[in-house]
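Take this structure first; my questions come after.
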Amino acid sequence: MAKSDAPQVDISAAMVTDPATLADWLVIAPLVYCIAVGGFLLMVRKDTNLQPILAIPGLVLLVILDAALLAHVIMNGPVTMTMGRWLPPFGISFTVDILGALLCLTAGIAALAGGIYGAGDINDSGRRYGFYPFLFLMMGGVSGAFLTGDVFNLYVWFEVLLIASFGLLVLGSERGQIDGATKYAFLNLVATTFFLIATGYLYGIFGTLNMADIAEKAPEMTDRAPLITLVSLFVLAFAMKAAAFPLNFWLPASYHTPRVVVSALFAGLLTKVGVYALMRITLVLFPAERDVLGFAIALVAAATMIVGAVGALAQTDFRRLLGFLVISGIGIMLAGVALASQSGVTGTIFYAVHSMVVMTALYLACGLAARVAGGFSIQTSSGVYSSHVLLAAITLVLFFAVSGLPPFSGFWPKVILVKASLDVGAWWLAGAILLSGFLTTIAVGRVWLLAYWRPAGSTTPAGEVGVLDPFIDYLPLVMLTGLVVLVGIFPQQVLEISQIGSDQLINPVDYIRSVFPDGGGQ
Amino acid sequence: MRLFLMNVLLALIWVAVTGLFSVLNLVFGFFLAAAVLYLIREQVGSVGYFSRAGKFLSLFLLFLYELVMSAIRVAILVLSPQMKLAPGIFAYRLKVDRDYEIALLANMITLTPGTLSVDVSDDKKFLYVHAIDCSDPDATRKGIAEGFERKILEAYR
Amino acid sequence: MAILVGVFFAVAIYLFLSKHIIRILLGAAILSNAVNLLIFTSGRLTREVPPILSKTDPVSEVMFTANPLPQALILTAIVIAFSFFAFLLVLGFRAYQELETDDTSEMRFAEPKDDKLPPLGY
Amino acid sequence: MRTLIFRTVAPYLTSLIVVFSVFVLLRGHNEPGGGFIGGLIAASAFAIYGIACGVSPVRRALYFHPMGIAGAGLTLGSLAGLLSVFERVPFMTGLWYYVPIFGQELVLSTVLLFDIGVYFVVLGSITSIALALEERSND
Amino acid sequence: MDATTHSTTLIVLLLPFIAAVFAPALTRIFKHNTAWVLAIVPAVVFWHFFTFLPEIERGEVVTGGYQWIPAYRVNFSWFIDGLSLTFALLISGIGVLIVMYSGGYLKKHPQLGRFYSFILMFMGSMLGLVVADSFLMFFVFWELTSITSFLLIGFDHKREVSRRAALQALVVTGGGGLFLLAGMLLIWNVTGITELSLLLRADVALVDSPYYIAILVLVLGGAFTKSAQFPLHFWLPNAMEAPTPVSAYLHSATMVKAGVYLLMRMNPVLGDTAAWETVLPLFGGTTLIVGTLLAVRQTDMKLMLAYTTVSSLGLLVMLTGFGYEKAIEAAVLYLVAHSMFKGALFMVAGAIDHEAGTRDINKVGGLITAMPIVFGAAIASAISMAGLPPFFGFLAKEEIYAGLWHPGSWPLFFTLVAIVGNGLMFVIGFAVALKPFLGEKKSPTEHPHDGPVLLWLGPVVLAALSLLTAVFSGVVHRYISDPMSTAVAGEPVEVYISLIPPIGVPLLLSVITIVFGVVAYRNLERMRSAMATVLETIGWGPDRGFDQFIRGLVRMSFWFTQIVQPGRLEIYMKTTFIVLALCLLVPMFVYDELPAMPRFPHDMALYEMVIMAIAVVGLLAVIYAKNRLTAIVSLGIQGFAVALIFMLFGAPDLSFTQFMVETLSVVILALVMTRLRLTPTDHRSVGTRVIDMSISVVCATAFVLLLLNVTQLPFDQTLSDFFTRYSVPIANGGNIVNVILVDFRGTDTWGEIAVVLVAGLAILSLMRIRLRPAVPIASNDPVEEERR
Amino acid sequence: MSDPEQLVHVAVLLSLGLLSLSFAFCVFRVIRGPTLPDRILALDMLVATAIGFIAAIGIKTGYTLYVDIAIALGLVGFLATVAFARFVLARGNTGDDELNPGGLSETEKEQ
Amino acid sequence: MNGFVAIIVAIMLIVGSAFTLIAALGLIRLPDVYTRMHAASKAGTLGSGVVLIALGIQSGDPGTLTRSLAGVAFFILTAPISAHLLAKASYAVGYRLSDLSVVDEMPSNARGEKSNT
């Protein structure tokens, strides 16, 4: 022990000597905050009225923290804080670059929307059995995944958000929920297990888990170690987490079963984490191997976006339709990963942000529509346009946004990705992106015609069913839709940030330097 | 009083278990034990058996002896090429009536040669014992009555 | 050792492919063991020298102890796997109660067998 | 299963096991053990208690709801990590304080605090699970 | 152009959108006078662009703009030459009339305000489209016109036909838009240019690039869908479901001409090639004939006009395709003329519909006395449409023939096409203008009359304009036709044609046209019935094709989705693991990442082997267990074996934990099993067993191979050495593993306990939340919620 | 390598051998059954053997820390047996497996 | 390590594991679950206990020794209870004694009786 008589050791050889400033603390702030608040909310879970009163301001604060972090990263480039003061790669480093911070912020916003909406959508028993604690802990997992710079730690956060999502998924214990949850749970367990296995191999090969460290060592290992196999295993794991075809089963099997707000949160948060991890691993850690697998990823991307859109066309239940749209969006993001060009990755980042916002909003809107139109089936529901024009208008905007029509947020990233594909002559990929947009337009167009424009028939007691609360119900929706429109008309900022982010990914010198200031691993 | 004794006992157990004999550790053990006792405050019935430590000791020694013997008996039985056994369950009329006494007796019976207590009748009058060699239940009954039950009664009354 | 890991994986996956939740659960338990052994092995094996140092002369045995890091990782993994196992177990239990079956091919509430063709009109 | 024999012995067993679990928790830093295993042992102690004497005595014994205990554990763990903000060192940095008592040196550290947090989380969650299952299968 | 005009142009371009936002409110304030108020908006726009005429006449172009998305080289910049300006003036000018007309036509309609804002939004989009300089800005407004047209066609959303028509328009034009987008991005790729102005000025020869055909096809895909060229014309007649102002504005005067605008824009860049001069005339010509023939078939005035619009668009495309100077002039003149007379005629049809209550040409007659003013406007526009003096249509037709009449069979053929087309349009024009007004008086409603000024102002003004423009053709040519033709042709062009045409072939041709027209008009009924029978016999049209397309698409998707998402976990699992096997083995073999053959470890003690053996036995026992308890207990066995293995290889903490966890797992399994009547026995058929077996064995082998490969690499111990070295001195812990858990990698543990915590709570909620009646999935619906 | 150590070493190896053998026996009983309690009992016995094994290993390697593992194992072993007994009791006689040795095999009953 | 201790340890090791083995053998050989219980609960416990104490002695450190003794005490405390519970349960559920059995004075209501716990 560091007693007086203890053998003196040279601390600086083992530990970071310069003090951690509050700015550094921003790196981990969102995570610590979420976990701590989650733990606290759990202690007071029995006070069901207190829950939202504490949680919603808490989420606002979270968004502020994320925004501060993003600003910090934009100004100073990637930031690192190594836990326990140990020198990287010995301690667990949290390293934040634009990608992480941006997604973190978007996730925070989606969570805020969900939190507000949940105040109306989740009943007492739902709160009592931990809607808000789950929400915060899931956000903890998501933030942790976005922020950490350590592969195994990434795995841990994956598990945190996964188990929290289980909790949210089964909240309510309805038949469909249980059934959906069963498939969701087992398949996702398999996925994370693949991830863990890959991590085990990774450690066996590199003897380290720090991403920056690996990124540095990867080049000289390339010809000695079975990295291509390893990376393809990683890709498999994350593609499954991201619900890429042909491993997308779990998503359409489960996303329509829980409370709408839960689906909204899932759509906003979960799959994107998979895409993020995929980008992190393939672009930063193993660019060389990614180049080898690029074409395969492109095929998967194309297949995923088409399958998603086609699946959406095949649905009668509004929510299941949305589930397939999530998948289609994943395909579009994968396209950028497959291209791995500066503009391609830009498109992916931008689209990820767009998709998180728009899909969350769509689910929320879908929930309200169901409330006023009598159910989720577009076979029976109708008359929303006449009874609730504001809701209809918002939904229409979201429909166009998700189909990638201008002037909404979905348009620009799609253009960028199409252009990027054409740049490398991947006309078929460009075609797939456009085609998926076309099919999506038809799919949502039909929903609009039937559920919104079609006059309320005898089947639906439209108007009478739901009274929509201007704050709890509309505010989150308006907030998100406002973002969709704003980003659609003034995409400059988001685009610029995405470009910087993509630069940081494709050429991660700053990332590595922020972990090893004086260059080189140990 | 009883709680206090229990408490000290647990504290000592703690010290013994940690194998770290120091005042500090003892104090800590004491508080710890107090905390633990709080958990089981309801079930701790019965009053000081420390007073009869000596009787306990003899009881304990007898018990150990019987245990070893029974182990050997089983061994012989198992190893004997043709096992001639007449197992069965007989009812044993209890003299002891307090729960912990019955429990103690039952456990000891189990650990001793050829017998194994299966159940206690709901009215706590009978103890049902399975014996490997049930050719002469009464002898076994007698053995128990003379042996453990008597010593237990001595120890507690 | 690697072979043993292989057997673990084979059995686990075989159980996972079953239709019965209970078997998949058993598979899950075994799978986590398989993974742990895999990590353990890929962290290289050392016999019988636990990574536990006496406080007096810690540095003397440095080079000979088993590799502690994978052990820590596995410990974490075990815990997580256990939590998941518990959850899945209860989930399967509730599924059995609510859906009156443990045969996944009969669990068709989220995605009903008789899915209707969506409306074709406008 | 409330058999007289078991019911009589169970409380003592439980207390013994809990003591043992704390022991395992505290020495974990230098020898096998630690918060997690300690927590598991304690949890199984309560499981035995529950099986022997039924669920409600356990609940009353614990006083707090197990999940509450677990939540407290997590908060404790987070706290242990957060303390380092005052020392201007990164999250989760181990801090050691030496408090002399009875002429001996009592060693307090954030890592110990953290380990205790782990102990409570595991104790709370697992016990809660066990009790929930126990209740279910009783009705 | 100076700063103020610069900024004002921006404001003017945004003005319609701003107005659109406030339109509903204004409507609530000004009631049925709103039309007059809102008409100011297009008027202002019109005036603003009107002031550009001098510069344009001088052959200059007005350019300007603001940065929009510098990060992607997209500017909000405009480029106004003769072509743009003419369109801008048409849009805003006719816009004024349409706004007013709507005020009269949709009086009392509850959603009039919404209608106004849609119309204004459309106007803004259309303006943006024609002035846009940068590709993406152009495209944004292009799609905006599709969206607004979708909203307007579906305005009467309670009727299924409108809904269908709206979706149809959106699908066709929106889909075409995607082609256009691809085309533009391709141009950007090839030339590196993102602005039309630069593209026009640049000397890059797109026509020589290998991508020319691709670009052409894509751009035409956009233009043809928007301008309703055969066989994609069908959406336009259906769009007549929209209120008449919309038909008059979007679907005759402006939006449908966006495609033509695009072609004219691109003519200098893409035109003047064999492909261009074959494809455009062919499609245009076909569209012209088909359109007129279908028009003859109709009795609904709006439909007749709609089909003639189709054919007019065909005519324009055809002329643009020829690319001779004269042809282009003709196109320009005809475009202007058509906007005027077709707009007017639509409004007339609307007026009749509004007053007489029907649009069926056979159900109304003799309105001449009741609606004299409307009749005047109608007949004037019809004359212009028929290409008779003294209206602007006459100049256009003369120029058409002048443009088409060239030596060679190809032009000759198209001349004939043009004659037939013009002749039939002559028929339709007069049919619409005469039949309702002449003959004995009949109408479904009581005494119809001219109605409010708002209702007839539009047609009258337009009719007057076709007259004036014809009379003062010189001025018109100077300020409109010449600059526009110049812009289209890409080189200076001057138009001379006036009401006193040169005696020549063109004049002769028009005479032939007129004769043919008169004859045809007399036999209109006969032709109609003939067409009817013809269409009956064909029995299929692209319109029905659309339904079949949508239905087929949905059916196909349904079928496909049933296959890829069958809803059965075991299939999902199977696929997953098959994919896993592929992901591991394919790279392993393709990139030769296989391990070397490992040597058998000889240094294994007996008891080690025994334990491993026990593990294996336990595993197999789990598989072959006859009842659940055996399975569970066997599970325990293999768990203990693993724990012992951990211990043998120096991991006491692990084996400690493993023992605890395994036992607890077994215990909770038992606790749960207590309530379940489950059997773990394998009900799989032998076949599936074999398949599953092989899948799992393959996967496992892959893992093993990879593991061997990894373990054969030299291992980097740095981290562990570090931990070992500093565990005691700095972290004050002898048990390195635990020190790693709580200090070196404490954050992992922190997350891990979060997992444990959440698992606990989730399980609690699973056990506690129970719904008394087991409810079906849809019960998530609030409706059912109520029932519970 | 002094004499006593030699002695202990041999003894350890011998006892490890014996313990492995008894492992095998227990496993056999677990698999073979035939009745549920038989299996439970066998598992309990397995745990006891494991404890012995651990202790033996502890002597072999000289790491006394294995004592605690042994104790903990004893504890959980007890827990397991209790739980299983509880299982047997609560589940009642389901005909899940034969009640007297040599009766019908369980599967036949279950289907 | 001095010879005496070594001898003690060695003997205890052999004896203990021998007992364990015998118990296991009994598991195999004895006719029904109840008789097997005798073997397991007695010889088994004793065997492992002895080996554990051997470890305690061999370590030569009082802490370890006390712990090992405590452990053994714990086994001795738990073994009969588990045996009892198992026996009671199997009897209650109706697992019959082996055909060799001579007497069964258990009240009939105990057999097949469904305990509510």
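Some observations on this one:
Order of writing sets the chain letters: A, B, C, D, E, F and G. Residues in each chain are counted from 1.
In the analysis below, a residue touches a chain if its C-beta (ideal position, glycine included) is under 8 Å from a C-beta of that chain, and two chains touch if they have at least 3 such contacts.
Since the structure is predicted, the reported quantities are computational estimates derived from the model, not experimental observations.
Interface comparison, C-E versus A-C: the higher count of C-beta contacts falls to C-E.
Per-chain CA centroids place subunit C at a distance of 33 Å from subunit G.
The distance from the centre of subunit D to the centre of subunit G, each centre being the mean of the chain's C-alpha atoms, comes to 30 Å.
Here the CA centre of subunit F is 10 Å from the CA centre of subunit G. The mean-CA centres of subunit B and subunit F are about 24 angstrom from one another, to the nearest whole unit.
Residue positions 13, 17-18, 106-107, 117, 119 of subunit B each touch two or more of the other chains. Each of the following residues of subunit D touches two or more other chains: 1, 3, 5-6, 9, 16, 20, 30-33, 36-37, 41, 44, 47, 67, 70-71, 74, 78, 81, 91-92, 94, 96, 107, 122, 125, 129, 132-133, 137.
Within subunit G, the positions touching two or more other chains are listed as 23, 25, 31-32, 37, 45, 47, 61, 64, 67, 70, 74, 77-78, 81, 84-85, 88-89, 92, 98, 115, 117.
Taken together, the chains touch in the following pairs: A-C, A-D, A-E, B-D, B-G, C-D, C-E, C-F, D-E, D-F, D-G, E-F, F-G.
Partner subunit E is touched in their complex by these residues of subunit C: 1-26, 29-30, 33, 36-38, 40-42, 44-55, 58-59, 62-63, 65-69, 71-76, 78-80, 82-87, 89-94, 96, 98, 102, 104-105, 107-113, 115, 117-118, 120-122.
Residue ranges of subunit D in contact with subunit F, taken from their complex: 1, 6, 17, 20, 24, 31-33, 37, 41, 44-45, 47-48, 51-52, 137.
Within the complex formed with subunit D, the residues of subunit E that make contact are 652-653, 656-657, 660-661, 663-664, 667-668, 671-672, 674-675, 731-735, 738-739, 741-743, 746-747, 749-750, 753-754, 756-757, 759-761, 763-764, 767-768. For subunit F in complex with subunit D, the touching residues are 65, 68-69, 71-72, 75-76, 78-79, 82-83, 85-86, 89-90.
Per the touch definition, subunit C reaches subunit A in the complex via residues 16, 21, 24, 28, 31-32, 35, 38-39, 41-44, 55, 69-70, 73, 76-77, 80, 83-84, 87-88, 91-92, 94-95, 98-99, 104, 107-111, 115-119, 121-122.
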